[in-house]
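Per-chain residue numbering starts at 1, and chain names A, B and C are given in the order in which the chains are listed.
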Amino acid sequence: MISKIEIQTQMISAVEYVKKTNPMAGSVTNSVTINLVANAQLAVGGSAAMVYLPEEGEFLANAGGATYINVGTILPIYEETLPQMAKTLYENKKPWVLDPVAIGIGSLRTKLLFGFKEYKPSIIRGNASEIIALAGLWGLSGGTDESNVRGVDSTDIVTAAKTAAVALAKWTGGAVAVSGETDLITDGSVVILSYGGSHFMEKITGAGCSLGGVATVYLTGASSLIAALTASSVYNLAGSRAESKVDAPSSFQVAFLDELYKATPAEIAANPFEIEAV
Amino acid sequence: MISKIEIQTQMISAVEYVKKTNPMAGSVTNSVTINLVANAQLAVGGSAAMVYLPEEGEFLANAGGATYINVGTILPIYEETLPQMAKTLYENKKPWVLDPVAIGIGSLRTKLLFGFKEYKPSIIRGNASEIIALAGLWGLSGGTDESNVRGVDSTDIVTAAKTAAVALAKWTGGAVAVSGETDLITDGSVVILSYGGSHFMEKITGAGCSLGGVATVYLTGASSLIAALTASSVYNLAGSRAESKVDAPSSFQVAFLDELYKATPAEIAANPFEIEAV
Amino acid sequence: MISKIEIQTQMISAVEYVKKTNPMAGSVTNSVTINLVANAQLAVGGSAAMVYLPEEGEFLANAGGATYINVGTILPIYEETLPQMAKTLYENKKPWVLDPVAIGIGSLRTKLLFGFKEYKPSIIRGNASEIIALAGLWGLSGGTDESNVRGVDSTDIVTAAKTAAVALAKWTGGAVAVSGETDLITDGSVVILSYGGSHFMEKITGAGCSLGGVATVYLTGASSLIAALTASSVYNLAGSRAESKVDAPSSFQVAFLDELYKATPAEIAANPFEIEAV
């Protein structure tokens, strides 16, 4: 099993790489939180670009170091854009992050999410209910076809999604990050629990979406597991720090983005986590 | 006529219900202020979900405790999404809020807003010019076909919209909230004036849209009149409090959302209002 | 050559006009930064309205004092909306601002941007790479067909775009504003360098887009050159002031919008700039 110190060394490299190279990470992401996703990506040192059209999605898929697909708000054109983009990413061995927001709402969303199975996203990020529902949709263990997704919120706790997360990671060969009070990250062989964060995360929209966007930025220069863990770590660190300075959600969001920007590679790697074999 | 104390008791119940149950209120809303709408809904204790597609709109209409339709930015697909959604809401007796933003711009907007007449929104929220124009479009008294809507801004004062607001409320059997320096809320039998707020409300985009979103959240657990008044009251309270702490609009927006979150049920019910028979 | 004092007098008039008349400036702009564009337009004293549909774009083109077209995120309907809108603006002699964001990504974006050549935008605002690429697309001197645009970022410095900016301004008969560490504004006969700003501008998304939106507001009451310079000046002033008060990007954005609101006509005109003949 990979050692904690080795993981931390790789996390530091990932953060330093991003801060030095300002890598471009393109996205098709939802309109509710699109601004927060971009600002979070910029705060950690990355560069953001968002598009809607098939041809433009393919352009970003090829041009970016890693790409983010978040299905939070589906537009009609996505029926063309997203499968084409995911296919390009998979065939060109380009890493990408999937956020299956609100899985279960609408047949196009379901069709798109089902279709991503064969294009094996490098990182899947969601709350517990979304991860369980995606495993169910893909016919993997730990999944259920009776979704507990309620709009964009989770009604399951993170540990309940462990089996589903491991199964998804084994299928994709990448990593899965389950967001919750404690975050669970797995690559199918190890399970990492990342601690910290803030109760205010649930009182602003887009904490999860922007975490997916930041994981995409780190994925331009790190493995799926390291990118997912680094993103969760900087979120947990910045969340804790921001919470200590404010008493309400909007101030929290400002302070949180500020702390994302301020967090150093060593501080991010030192954010508490535990690792265990699957 | 309903007494002030009875109204306040119901307002307290509405706020407590939302804070305890975190009710889901789905929206189709405009892209300019969509993030603020969601964050305002979360700040008062609700849950938000935004969609574009017909089938997804119908899903939210059925799944949510109440639903918000804001026509601020029209996409081509709305020609299908919005009528279908409004029909579902009406036929299933699900409460919903309409914000007729920028009524008068474009024939599809006009067609959609005209079509909503038969689906009787539980709450209509707008500025004075929008309320007068909607009454005109629906052929009700107090309306005019010579709109004074200028883009998204109002050129009429709230009291000038009283006749139109009462006529609209009588038609729908719900409530109408006219936003302005003083807010006017009516259910067709009583007219309530709600005081407070801030001049900075006009210096940020989305104060009105997010008020509609918050009214939708309260509508999951209260009557149309109470939900509309409670939303106006928390806005007027949070606006006044925020204004006292800042000297410019962007700081105001942050402080305002913070105060939305902090306002207690009793404080919201105690925000100044006056009630009179129509 | 126009004198500095004459320019400053016109800048003061432009800012006063906007603060007094609250002019409406409609936009079709990208979804990533649409909220910031609107809030920046409101902060300086203007009024904002954003649409997507062809007929609505034409409505705003006719109704507004000036109009903003920003191609940052292209939707399928823009194939109809944008050419029709630009044609209306040109034929009705209505001033308008073009922001050729991410020129080079996708064939529809290229086709739309190429088509704008004949409709001669009053102001073109972009970073150095975008200005060079647009001059190239339009077959003007200083342009290149080998774009250095990387997503939405520039890899060229402002002075490298001087020839292209002058050529574009001569073609349109309007002004071109190149954003960078120092901003370059030209009307084809004079070149003005505007100083100030903040390194945090690159750490938030939408500094450029919202500058285009604010230039549009000033264009309702000033010449192309004065509007472009006034917008750059208030951005440089507010950026410098905001930077002195914060230590991270999200606090910067809040402080920056606040300073946009607070800046007086005289202060904006006094922000450092230099003028030279082409």
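Assorted remarks:
Everything that follows uses one rule, which is that a contact is a pair of C-beta atoms (placed from the backbone, for glycine too) under 8 Å apart; a residue touches a chain by one contact, two chains touch by 3 or more.
Here the structure is a predicted model, which means the values were calculated and not measured.
Where contacts are defined as at the top, ignoring chain B still yields one piece in which all remaining chains are linked. In summary, the pair chain A and chain C forms a contact in which the copies contribute largely different residue numbers, shared numbers making up under half of all those used. With centres defined as mean CA coordinates, chain C is found 34 Å away from chain A. Those residues of chain B in touch with two or more other chains are numbered 31, 35, 75, 253-254. The touching residues of chain B, when paired with chain A in their complex, are 22, 24, 26, 31, 34-35, 38-39, 42-43, 47-53, 55-56, 59-60, 63-64, 75, 77, 253-259, 261-262. The part of chain A that touches chain B in the complex is made up of residues 30-33, 35-36, 73-76, 102, 105-109, 150-153, 202-206, 246-251, 253-254.
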